[in-house]
Amino acid sequence: MSHNTFGHLFRVTTWGESHGPALGCVVDGCPPGLKLTAEDLQIWLDRRRPGAGKFVTQRQEPDAVRILSGVFEDERTGGPVTTGTPISLMIENVDQRSKDYSEIARAFRPGHADYAYFAKYGVRDYRGGGRSSARETAARVAAGGVARKVLGEGVTIRAALVQIGPHAVDRARWDWNEIEKNPFWCPDAAMVDVWERHLEATRKAGSSTGAIVEVEATGVPAGWGAPLYAKLDAELAAALMSINAAKGVEIGEGFASAALSGEDNADEMRAGNDGPIFLSNHAGGVLGGISTGQPVVARVAFKPTSSILTPRRSVDESGAEIELRTKGRHDPCVGIRAAPVVEAMTACVLADAFLRHRGQIG
Amino acid sequence: MSHNTFGHLFRVTTWGESHGPALGCVVDGCPPGLKLTAEDLQIWLDRRRPGAGKFVTQRQEPDAVRILSGVFEDERTGGPVTTGTPISLMIENVDQRSKDYSEIARAFRPGHADYAYFAKYGVRDYRGGGRSSARETAARVAAGGVARKVLGEGVTIRAALVQIGPHAVDRARWDWNEIEKNPFWCPDAAMVDVWERHLEATRKAGSSTGAIVEVEATGVPAGWGAPLYAKLDAELAAALMSINAAKGVEIGEGFASAALSGEDNADEMRAGNDGPIFLSNHAGGVLGGISTGQPVVARVAFKPTSSILTPRRSVDESGAEIELRTKGRHDPCVGIRAAPVVEAMTACVLADAFLRHRGQIG
Amino acid sequence: MSHNTFGHLFRVTTWGESHGPALGCVVDGCPPGLKLTAEDLQIWLDRRRPGAGKFVTQRQEPDAVRILSGVFEDERTGGPVTTGTPISLMIENVDQRSKDYSEIARAFRPGHADYAYFAKYGVRDYRGGGRSSARETAARVAAGGVARKVLGEGVTIRAALVQIGPHAVDRARWDWNEIEKNPFWCPDAAMVDVWERHLEATRKAGSSTGAIVEVEATGVPAGWGAPLYAKLDAELAAALMSINAAKGVEIGEGFASAALSGEDNADEMRAGNDGPIFLSNHAGGVLGGISTGQPVVARVAFKPTSSILTPRRSVDESGAEIELRTKGRHDPCVGIRAAPVVEAMTACVLADAFLRHRGQIG
Amino acid sequence: MSHNTFGHLFRVTTWGESHGPALGCVVDGCPPGLKLTAEDLQIWLDRRRPGAGKFVTQRQEPDAVRILSGVFEDERTGGPVTTGTPISLMIENVDQRSKDYSEIARAFRPGHADYAYFAKYGVRDYRGGGRSSARETAARVAAGGVARKVLGEGVTIRAALVQIGPHAVDRARWDWNEIEKNPFWCPDAAMVDVWERHLEATRKAGSSTGAIVEVEATGVPAGWGAPLYAKLDAELAAALMSINAAKGVEIGEGFASAALSGEDNADEMRAGNDGPIFLSNHAGGVLGGISTGQPVVARVAFKPTSSILTPRRSVDESGAEIELRTKGRHDPCVGIRAAPVVEAMTACVLADAFLRHRGQIG
C-alpha cells in the first residue's frame, strides 16, 4: 500500500473526488482470459449504492461503471475477457448537487479530515469532503468485482453487520440468509427491529452512530500470505483500516483473545481427508500470517459519521473559533454502506495473496 | 510492506531464524548525519531481552547488536554518524540450546504457524519456530532504535500493557512513571499484584494468557500520513498486526467507537497558539489517515502463547492424529515482551511517514 | 517500475489500448499547490501529436487531455491548483478508423509484440497494436507535463534527434534553436535536408528507419538520485528503455566511453562560486548514480518501425506459415515522435528523484 | 528498484562498504525446496574475485560467503534447502589494508562518486570508495547464484567481453569455449594478445581503459516480462546500468538498430515444433517487453576506471583547487571483473520475471 495504490501483483490505484466529474480506478496485474463485463461489476456497485434506503445518504448516484481498457472481445474469446493489461474503471459523478459550500469552505468540521488535509496540503477540495469522501469507495467495490473474478467460484466472501451503536447481534441466531432480507446486512433477524428503531432515533436527533462489520472468506486454501511483512492478516488490517471511518480491525478472536488462556485459544486439529480438520477457529483462518484453509474472519469497527446536525465547537482556517453543524445528505451510520466495501477490500487482498503465492511457490 | 521488508522511504528488511547463527535487518533510506552507535540501539534491545524476569522465556540471549554498515566516523563527524547508505544490523544467536527437536519436527503445534508454513512451503525450520519465532522481533527493535534517531527528540513513543488476561488497568490511575517500576509495563500500580498473581497461576498451570498493549506517540506534528492507501492508521495497522501473536489493532477509540454517537465521538476544537486545540482525542491523533498533532494512540491485542504444557490434540505431517504438549522455554504471556516491539514498529512507521511527508510537501 | 506504474514518490500509472474508448494515466504523489490546467499539459501533447507532418502517422487524434481529479480551484487559490491527491488524466480515442483487422487478427507481425503478447497472455487486442501501441505514450507526455510543474522553472528538459538511419548530426553545428524549425527535432540545420530525403525515400519504399534521440536536462542540482538500485542513471535507463521501440540507452559518453582512457574520460574540476566547475561532461551529469550539477545527458536508440509494406515471412496463431505486409497509417520513423516522450520520461524520473531526495535529506 | 533493493517477487537488498567489517545481501522471495549451499554460491564469487590476475586489483579478498538464514537441512530434505524465508548472505572484508587515507579524505577524485556523495549526504565513507566501491558487486554475484537456482538448469546465462578500449572482438571468430581460457572472458582467441598488450601498456602508463560486456541468456521461454513499466528490457536496463561504471545498455541490435531499415531489423518467423522459429535475433529476444523464446542478448558499456596515477585537476571539500593522483590497488579495466556481475544481475532479473509471470499467468 502506498499513495493511492494497494496490492503487489493484483494492484489497484484509485482516483477521484466527491464533486469532481468522475472517480475510478486502474486494476493492474489481473490474469488474462477472465470473462469480465461492466455488468459483472455493476452488481457489486448496486449493493453499495447510496439512495437504496432511508438510513443511507439520499444523494442519488447511478454509479454506472465503465470499463475503459484491459478487456477485449473477438469472435474467439466467447465474450469480453481480460487481456492482462490494466483495467481502467470509471464512474461518473452525476448528482453533485449545486450547493453553496461557503459555510464550510474554511471551517474544519470536528471529526472530519478537514483540518488534517489542510494542515498537510495547505489546500483542499472541501466540496463533499473531496478526496476523503466515501464516494471513493465505489472504486474499491468495482475493483473488488474484478478480484472476485480472479479468485473464482471457489472463494466466497460475504460481510454482515454485527453491531450498530451499542446493539450487537446474537451469534447464536446467525443466519447468512438474513442479510439479504434487511437493509442492514444483519444476520440476526431478531436484531433488525432494534437497529431500525435505534437508527430512526439517531436520524431524528440529527446524530449518528457507529457499527462493526464482520467479513468471512471461505474456500481460501491453506498457504496464502507471506511472513513477515506481507502476512495475510497484516495485509487485511491495512486494507480494512484504509476504509473511511474505520478505527479498528481484528482477526478471528481478535481483542477477545487477550482474555483467553492458551488452552481456550488454540485451535485443535484432527485428521481430515484434505488436510487437518480444525475443531475451532479462534485464529480466524490465519496462523503465522498464512491462511490455514479455515474461513478467514475479520471485523472492522466504524466510528459514527462525523457529519451531524448538532452544533459542535471548532475553528476555521484563520484560527477563529466557530460553532458548526453539518447539513447535507449524510448517512447516520456509515458502517451500513461499508459492508460491500469490506467485502471488496477482502477480495482484493486475497486475489493479491493468491497471485503472489502462485508466483513464489508455483 | 512486502515480503520481509516494510516501509517506503525508511525501509526495514529483516532476516533470520530462531536457531540459525544470527538474525538481523537492513535499515535503508536513513537520513545521513545522525549520530548512531551500537549502544544507542542496545538500550532498546535490552528492554526487549528475554531472561529479564520470571514471566518471560528463560532463554538467555545477550542480543548484542552489531552495526555492519551505514555508519562512519572520522575526525570531523564528532562520533559515528549515519551516511545515508544501508545500515546492516546483526544479532548473533548464542543460546540455541542443543535440544532434541524430534518430538515436534513433524508435528503441528495447535495455534502455531507450523501447519501453515508446511502447507505453504512444504519445508520448515521447526527449531524454535524458525522464522515464525518471536526472536525475529529483536531486529525490529533494533530498527526502531534507528527510527527514533530519525524522529529526533521531539517525538516520544512509549507503550504500556493495559490488559493481561481478563484484568484491565484502571485508566484513572494511569501513571507513565509506573511502567519502569514493574516488569509488566503496567501504568496502574494497583494492577501489578493482580497481574503477578494471574501470571504465577498461569505459569504453574503450564498455561498462557493474552494481553493488550497500548502505544502513544506524542510530538507528531499535524500532516503526516497520506490518503488513501498510505493512511497513517492503515500503515500502523499493518505494522502492528505483523507482530507475532497480534490479532487486533485499533486507533484511538477503536472498537468502542462503534457504540458511540457522533456527538460523543467527534473531537471538538478551540483556537490555540499553534494550530487548534482539541478538547478530546477519540480519533487517536489521526483523521482521514493524516496526523492531527494530537498524540497518536493505538492498541494491539496479543493472543495467549500457543506453547503450553497442557496436551492438545493435533496431527503431524503424515496426517496422523497425535497429542502434543509444548515443552521448552516459553513466555506465559508473549504480550509482555511485545511492548518494546510495538514501540519500535510505531517508530518505524512514523519515521517513514515523516520522510514521505517531507518528500511530497517539502 | 512495476506493472503499469513507474516512480516512487512521483508515480505514474498508465492505462489504455490503441483502439479502446480512451487512454490515460493517474499521476500520484504530486506536491500540492502547483498551478495546473489542462492547457498546461496540452502544449506538450500537441508536440507529440500524430498528423503533424507527413513523416508521422496520418491518424488524426486531437489528443485532448482532460483532468478528472486532483486539481481544485476556489477564490483563494488563484486558479486551479494541485491538491496533493491523485491526478487522473484522460485522452479519448477519436480516430479509431473502423478497419478490417481480420488480416492481422491471428497473424504475428515480425518485429512486433504480437507473438510475445500472445505467448504470454493467450489473448491480445490486435486492433492497432492494442496495449503495445505508441498511442500509450500520449499518457506519458501528459504525465511529463505534471512532472515539469514539480521541477519548476529551474530545470529545463529538451530532446533532439541526433541520428536518423545512418545519418548522424554534426555536433559542431548543434543549435538548440533549430529543433523548433524543422519537423525532425534536428539541431543541425545542415542535416535537415538529408533526413528529409532519407525519409521520403523510406516512405516511398514502404520501409522504415531507426533513430537516436538525445535528451538534456539542465538546472538539476547536485545530489539527486540514490545509490545503488535507485541510481539516477539506472532509473533513467529503465524509464527510457520502457518507451516503445527503444533498444538502447546511454548516459554521457555512453558506449563511446569503452574506447576511452581514464585520463580522457574523467571530468576534471576547478573551483567555482557554487560548487565545483567541471571542465567536461563525459559523465553526463551523473556519478555514482547521483547528479553532479552538470547537465544530465542521455541518448536512446529506437529501432525502425516494424510496420512496413514489404512482405515478410511469419506465422499465425495456428502455427501456419504466412507472408505479411503491414498496411495502415504508420510512422516511417517512430523515433521522431519519440522525442517528446523521451523528454516526458526524463521529467518524470527527475521529479521523482527530487521528491525522494527531499524526503531523505530534507 | 528502489534504495538498495531490486526485484519484485525475487528481491535482493545489498549492504556494506568497501572498508567496513563485512558486506552482504538479503535475498527475499526465493521459492522453497531448492538445494542451496554456500559452495553453490562460492563458485560464482570465485569467478569475480579480485587478485585472480595481474589486470585486476591486487587486493586479496577470499570473498567467502556465509548463509545466515533461509536454508535448512534435516534428515528428510536431502541436504540444505531453501525454506522460502529470507536468505541472508554475508561476506567478511578481510584485506582492508590499514592505509593512510588522509590524502583523499577531503578530495574529490575526478570521475569518482566522491563529489556526488558529498553533495548529497554531506558525509561520506571515503575509505576505498565506501558504498560506491565495486566491492558491493560481490553481494550481487552471490544473489545471482541464488537466482540461477530459481531459474534451474534450463536457463543458461553467460557473459563475454566484446571490447576493451578500442579493440573489439571479431564476432565471426566467436567461441564460447574460449572465455574460460583467458583472463578477459574473451570469446575471440585472436583478440587475447591484443587485449593483453593494451592492458599492459595501460597499466604501465598508470592509466585505465573501458570495455563492453555482452550477456546472453538461453532457455528463457516466451512470455516473461510485463508491459509496460516492467518490460523485461527495461528491467534489464535498470539492473545493468546500476552496476558500477556502467554508462550504457543495449538489447539485441541496440544502438546499431538506429541505422537499420525495417526490413533488415525485423526478425522473420517460420513454423517450428515448439512455437515459431525466428530467422534472426535483432530483437535480442525481447519484443514489446516480453521474451520471445530466443536468446536474451544485452550489452553493457563500462567506462575506464577513474582511479589513475596520472595527476588530474580537482577540488576538495573546502573548494580549494588541487591536483590529485589515485594511488592504490585498482583495476586498469573494471569491465573485466564486471562480467560475472552482468551475469548475476541478468540472472536476478530473469528469476524475478519468471516468478512474476507465474504469479499473473499461473
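Note that the chains are named A, B, C and D in the order they appear, and that numbering of residues resets to 1 at the start of each chain.
Note that in this section a contact is a pair of C-beta atoms (placed from the backbone, for glycine too) under 8 Å apart; a residue touches a chain by one contact, two chains touch by 3 or more.
Predicted model only: the values in this text are computed from it and were never measured.
Q: What is the shortest path, in steps, from subunit B to subunit D when you may only step between chains that touch?
A: When the steps are counted carefully, the minimum from subunit B to subunit D is 1.
Q: If you average the CA coordinates per chain, which chain's centre is most distant from that of subunit C?
A: Using the mean of the C-alpha atoms as each chain's centre, the farthest one from subunit C is B.
Q: Distance-wise, how many Å sit between the C-alpha centres of subunit A and subunit C, to the nearest whole number?
A: About 38 Å, centre to centre.
Q: On a C-alpha centroid basis, what's the spacing between subunit C and subunit D, in Å?
A: Here subunit C and subunit D have centroids separated by 27 Å.
Q: Where the centres are mean C-alpha positions, what is the separation of subunit A from subunit D, in Å?
A: Comparing mean C-alpha positions, subunit D is 45 Å from subunit A.
Q: Note the residues in subunit B that touch 2 or more other chains, in rising order.
A: 2-5, 8, 14, 29, 32, 84-85, 120-121, 131, 227, 361
Q: Applying the document's contact rule, which stretches of subunit A touch subunit B when the two form their complex?
A: Touching subunit B from subunit A are residues 1-6, 8, 14, 108, 110-113, 115-117, 119-121, 131-132, 136, 163-166, 202, 207-212, 222-231, 233-242, 246-271, 275-276, 279, 282-284, 286-293, 301-308, 310, 312-315, 319-321, 335, 357, 361.
Q: Would you tell me which residues of subunit D are touching subunit A in their complex?
A: 8-9, 29-32, 84-85, 227, 355-356, 358-362
Q: What residues on subunit D touch subunit B, complex-wise?
A: The touching residues are 2-5, 11, 13-17, 20-24, 26, 28-29, 32-33, 66, 68-70, 72, 74, 77, 81, 83-88, 90, 105, 120-126, 130-131.
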